[in-house]
Amino acid sequence: MANYPSDLEIANAANKKPIIEIAKTLDIDEKHLVRFGDDKAKLNTDFTNSLSKNDDGKLILVTAISPTPAGEGKTTTSVGLVDGLCHVGKKAMICLREPSLGPCFGMKGGAAGGGYAQVIPMTDINLHFTGDFHAIGAAHNLLSALIDNHIHWSNELNIDPRRITWKRVVDMNDRSLRDITCGLGGTGNGIPRQSGFDITVASEIMAVFCLASDIDDLQKRIGNIVIGYTRSNEPVRAKELNADGAITALLKDAFQPNLVQTLENNPAFMHGGPFANIAHGCNSVVSTKTALKLADYVVTEAGFGADLGAEKFFDIKCRKSGLKPDAVVLVATTKALKMHGGIKKEDLGSENVDAVSMGCKNLEKHIENIGKFGVPVVVAINDYVTDTEKEHTAIINYCKNLGVHAKFLHIGKMEARSG
Amino acid sequence: MANYPSDLEIANAANKKPIIEIAKTLDIDEKHLVRFGDDKAKLNTDFTNSLSKNDDGKLILVTAISPTPAGEGKTTTSVGLVDGLCHVGKKAMICLREPSLGPCFGMKGGAAGGGYAQVIPMTDINLHFTGDFHAIGAAHNLLSALIDNHIHWSNELNIDPRRITWKRVVDMNDRSLRDITCGLGGTGNGIPRQSGFDITVASEIMAVFCLASDIDDLQKRIGNIVIGYTRSNEPVRAKELNADGAITALLKDAFQPNLVQTLENNPAFMHGGPFANIAHGCNSVVSTKTALKLADYVVTEAGFGADLGAEKFFDIKCRKSGLKPDAVVLVATTKALKMHGGIKKEDLGSENVDAVSMGCKNLEKHIENIGKFGVPVVVAINDYVTDTEKEHTAIINYCKNLGVHAKFLHIGKMEARSG
Amino acid sequence: MANYPSDLEIANAANKKPIIEIAKTLDIDEKHLVRFGDDKAKLNTDFTNSLSKNDDGKLILVTAISPTPAGEGKTTTSVGLVDGLCHVGKKAMICLREPSLGPCFGMKGGAAGGGYAQVIPMTDINLHFTGDFHAIGAAHNLLSALIDNHIHWSNELNIDPRRITWKRVVDMNDRSLRDITCGLGGTGNGIPRQSGFDITVASEIMAVFCLASDIDDLQKRIGNIVIGYTRSNEPVRAKELNADGAITALLKDAFQPNLVQTLENNPAFMHGGPFANIAHGCNSVVSTKTALKLADYVVTEAGFGADLGAEKFFDIKCRKSGLKPDAVVLVATTKALKMHGGIKKEDLGSENVDAVSMGCKNLEKHIENIGKFGVPVVVAINDYVTDTEKEHTAIINYCKNLGVHAKFLHIGKMEARSG
Amino acid sequence: MANYPSDLEIANAANKKPIIEIAKTLDIDEKHLVRFGDDKAKLNTDFTNSLSKNDDGKLILVTAISPTPAGEGKTTTSVGLVDGLCHVGKKAMICLREPSLGPCFGMKGGAAGGGYAQVIPMTDINLHFTGDFHAIGAAHNLLSALIDNHIHWSNELNIDPRRITWKRVVDMNDRSLRDITCGLGGTGNGIPRQSGFDITVASEIMAVFCLASDIDDLQKRIGNIVIGYTRSNEPVRAKELNADGAITALLKDAFQPNLVQTLENNPAFMHGGPFANIAHGCNSVVSTKTALKLADYVVTEAGFGADLGAEKFFDIKCRKSGLKPDAVVLVATTKALKMHGGIKKEDLGSENVDAVSMGCKNLEKHIENIGKFGVPVVVAINDYVTDTEKEHTAIINYCKNLGVHAKFLHIGKMEARSG
């Protein structure tokens, strides 16, 4: 392992191009960019609105088998796929989620790929980036403050302080804020009640930000948020507090897609970042749709395994937005398949064709599930240096034998992390 | 009043120039800018460091008599002074504080001047601007989370949960967070304790951010922050939690001064914004020092009246940084002087020379105080359309009669807000 | 119903005898009494200790079928049984639990029987009685205070404030105290933590008070109480706080059995009162054992239905104390049997022999269960004026047909509430 | 010191008489007693009411100079005075406060005198006694529960949860309950709010209990208690919650005076116990008035020094009840006078006549103050074995020289604690 540079070393050594040059590859003039330094930009709203007459490119969804501690590599596969498509002369780009600062200072790494399949500038992306998450946090907490302020005064909506479901958020892993009592300290400080903080990526503002088709739709979705219940258990919505306008004002800039680049200088949108466990786990609809107007091939990603992430992609993002992917890439690794085949993490280093074959049952089920959405599936093995030819063959054969689905299969060989 | 456009209407109608052109007036090449759209930029650190060999310009501090509900107009005077200096061919710029989002959504207006003496882009400045306050809030709250996390685990520093003085911050007027109990909900959520949130501008991180001479000094100051006390009442500092490095990393970009422009397209730094009531109330040392290297005249402002703001400027900012102003402009209005002379707010519209003269005693005391710092004082009357010639004469004569101080006086006539 | 006097009217009209006369019927000299007015007394400990050489009387446990909203009448049956035994010349007495003040001011009635089968003085018993519950509450809360005090100082036992399982108690239905945060307000007020109040009858002190064989055993049981856990999850016991002696001192007087009388002036012990849902639900071991030394027949009662109350009586009280009942009386009413037979509460007024027979399956199961403890069972129908001959016959026949168990059955006809 | 037995040893060795014999010395028939064991009794209300036609005896108030760590001995002086009066053939009795369990388990000792001037049975008095404080605590907390219950339901009185001034009480020194947040845990547990517990002796119920002339007056005073304020800052009284009747019911028995005895078998009432620092600090009006009907001389005591305790006695207890003392005994010790004369606690053992004389200024001021109420003052020196003749003479002479007040002075020599 000592021979390989770290992700950060690779990112810092990148031959980064000015963002205006990346924009040019998508035929975007410099004047449509809201630049954040030289390597990041937002696309201004007038420009993105002007694209509606363009034809849509092809949408490719990258998902994976059931996750294991061995890792699968959806993001590296997605980046590799776009770099490959561009390499062979296609006009392609990637659409990813923005990473959360929270887990970044906690245990998880960033979410911008790894090895030679990264999106850069890595440090900026992992810290404040273009301020989207700060804006979403401020918007969320403005609604929180307006709720408590409403109750503090006449509480005309008769909101029951015990039935407020709208918490506050912070872009930080802060265990001590999960469960709090606020409004203490006397009559000037509002009404005492129990509440707490979620992480910003868990905000419902984040979710509707990523589902809204335009800024008016965003305001409408914000207005419809249920913030709690009255004493007679009737729901109360944000618009009843006249909160939707001010909240949307805080999100106006953030709502514009962020343009960055891969290590191979191909264009990437990173925009929005709802967690897949509690929300739908996809980048913003507005960035995906804009990408489809700008590129012929758009690769995007859904969180966790296909049973969770891809299903949410189809059932939530696609339904709400009218999007429909043209193909699904299902990522697997031989190590993960071996784990599904019953092998312990510490024994994954040795060849074990039988375990790979056993683990392919997990692969098969995901293929079957995705098939129900009527979209062709391609299995991508995220190849590691320790993989063996026999193991790869076992996977290829297993897929071939899947009968009617088999004909749609092709095994792509990725080289991420394998130098 | 109906004849005058609002501050926002004036700001939106401004003939704004690209920020790279504003930079050019200070001989700053485009490559030294970290652009935020076309109208805002940060100066990169390598460039600001390279200026050390330049000579310093003259520093002019704008302060005011004791504040009244009638308003005095320090910021409009400051902007007007810079615009005037540039108008007569001087190389001048202004250094101001960034406004807080909190009061902006609450009762107070923004802090970018008013009428035809504003700094723009107004809306951006009043909302997220270049993200500095978000970064300071995140840095502050990272320290908070690290403290609670330390206690949650082994609490090797023996911090007493009841003696933690370091709260959290939010850039919002949120009364319900002032006094909270956090860490509730069981063993996974840390240790229950009482705490609360301050507004971001009240953060000690904000204060040291504005006093630090460079990024290393900032990290040192952060490390020295006392976050609370042990059970035996010994202070505990941020560096004992090994928190200073990560916190400073979150502030690295924010620490670079923000360049914007006045309505008359003259250069302005807005950087840092500690409240004057609880902190020292001045823009960052790094922006003031950079301005002195770039311009011949640098106008800056201190919060509240001279007895609070100017004294903090001299006793805190100047002492810590080595700065020394070359002149002080003391802002007064006839209305405010009449209030100090005993007139009620509703009776300020009528001419009252006696009341003006009575109120000049307040002016006199501030002149006397500032004189003790050994800096020349100029009184600036922020002229209103309702002011009369006799009232102005009364002020001029009063100042003349102040004897030894009188010789330093000159009455400048501003036209802010008077169309 | 209007023709019948209320329970309170009946109790107040009672021909109450001085408690020293009641004591005489059990051959207790006046000097062994600790009198509380003329109608209540405790038996002093020296006297109760002196009885050990006496032979034991017969112990009769009264329990019931599964409870329904129709009510069954265990206490009225128990009182009626003792009054009947005394009426036919037997030396009999009853042992009951003391009622809780809490439910008394809440929804439930008192627990001293009803109609002409009551224990008196009713109001005293339902309010402060001889102060036993106050003493138990004070003892419980002394331990609570000692725990928090221990943590407030050096916390040498390393108790984790989040893992303290010992709450406080109050003899009141007070919903607002169920879940609290205490120790707020600064360093003088202990350590902030989440806790709450239970009702006094739910105190573990109440439970061990009722299981202890003597005052030394009580202190030992108190010392063994687990009050919470250390940070490394080791249990901490009351004796580690040196709390057992002081707590027991507060209980010394309360530990002496209380002597009162039935409406027919027969002796009754009311002592201890743990709730059956959370504890074992029986009066004190010390009062039951003392009663067996004083009377030839001792009737006692277990809470709720036989599946809960009688099983706890056998499995907890009997095992810990060595007691063994000589007979079990299983109380049923035709109304309750009809409810078990599927009839709604509002239709219970009409004769329905089939429903009674259907409901007897519930009776049968309880008979079968009790049989497993090897104790003879007698079914007692708590007769109501609306009951019919045919319904009674159905029950008698059902019991006869139970085969081997049938021979132990005898149907007693109670007249409680039926004037 | 080793030669002297402890207070507890003296109390346990007492030649205690049956309480019915003590009652007889006051011409009280056994039938008017509500006995608590053999050594404590309450006087039933019918009897106390029947005494109204009797003439009143003389009322003697015992108070003291400003308290010092050296102690003065008001209670021992009071007990000694009654024992002395009885010894010389007078029909005298003492009226004292009941001690609190709280400080008893904390730092302070009991409040039943000391040495050979005690009221017994000491342990009973210091623990549960006749349950009065338990009843007062229950009454107080019933009101608390009713308030929270009222808010939990419709809150028709529009009580502001942040403006409830009525806390809960516990008869325990429990620092962790002083400041709490209650009503947590969801909609079933009431409304979250900040509150806390006081010690039972600080209850306003305790204060009105001690000021009420009869049970109806008590109910009226309870009904008038302000429990908090509405959102529009209007006071809310207990009677608006219909709480006065139920609360008074809990106090009916407790309201009857408690009869005990001194070590020399002279009668003593101990009834009620409001703290002097926060309330008026005297025993109940009902016990004092009953005592005046039963004895020719009634000695009573007021808390702390004369400037606090005696003034409250005159200004609160006397005004509300119509009582008027016939004489005031002002207790002093030579040690306390020496401390007021500037001597340190560790140097009090040596004779110091000058310091005594200096300290007499404190004595003089109290004499002057009491004189303003128009009641004769007697100074009582609580003599210690270390006192010297010269010191006593200095006090006697100082008092003689006080002129017009001097003629009322007589120096009594007590022997408390001096064997």
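Lettered A, B, C and D in written order, each chain numbered from 1.
Simple rule for what comes next: a contact is a pair of C-beta atoms (placed from the backbone, for glycine too) under 8 Å apart; a residue touches a chain by one contact, two chains touch by 3 or more.
Remember, predicted model here, so these are calculated numbers, not experimental data.
Asks: What is the graph distance from chain A to chain C, where chains are linked when they touch?
Replies: 2
Asks: Mind listing the chains that sit against chain B and also against chain C?
Replies: Output, common partners of chain B and chain C: nil, no chain qualifies.
Asks: With centres defined by CA atoms only, which chain is the most remote from chain B?
Replies: C
Asks: Just give me the whole-number Å value for how far the CA centre of chain B lies from that of chain D.
Replies: 61
Asks: Which integer distance in Å separates the CA centroid of chain A from that of chain D?
Replies: Centres of chain A and chain D (C-alpha means) sit 72 Å apart.
Asks: On a C-alpha centroid basis, what's the spacing between chain C and chain D, in Å?
Replies: 38
Asks: Among the residues of chain B, which ones contact at least 2 other chains?
Replies: If we look for residues of chain B contacting two or more partner chains, we find 181, 184-186, 191, 193-194.
Asks: For the complex, give me every residue of chain C touching chain D.
Replies: Per the touch definition, chain C meets chain D at residues 34-38, 101, 105, 124, 127-128, 131, 134-135, 138, 141-142, 144-145, 148-149, 152, 168, 170-186, 188-191, 193-194, 196, 246, 249-250, 253.
Asks: If you look only at chain C, which of its residues touch chain B in the complex?
Replies: 160-163, 181, 184-187, 191-194
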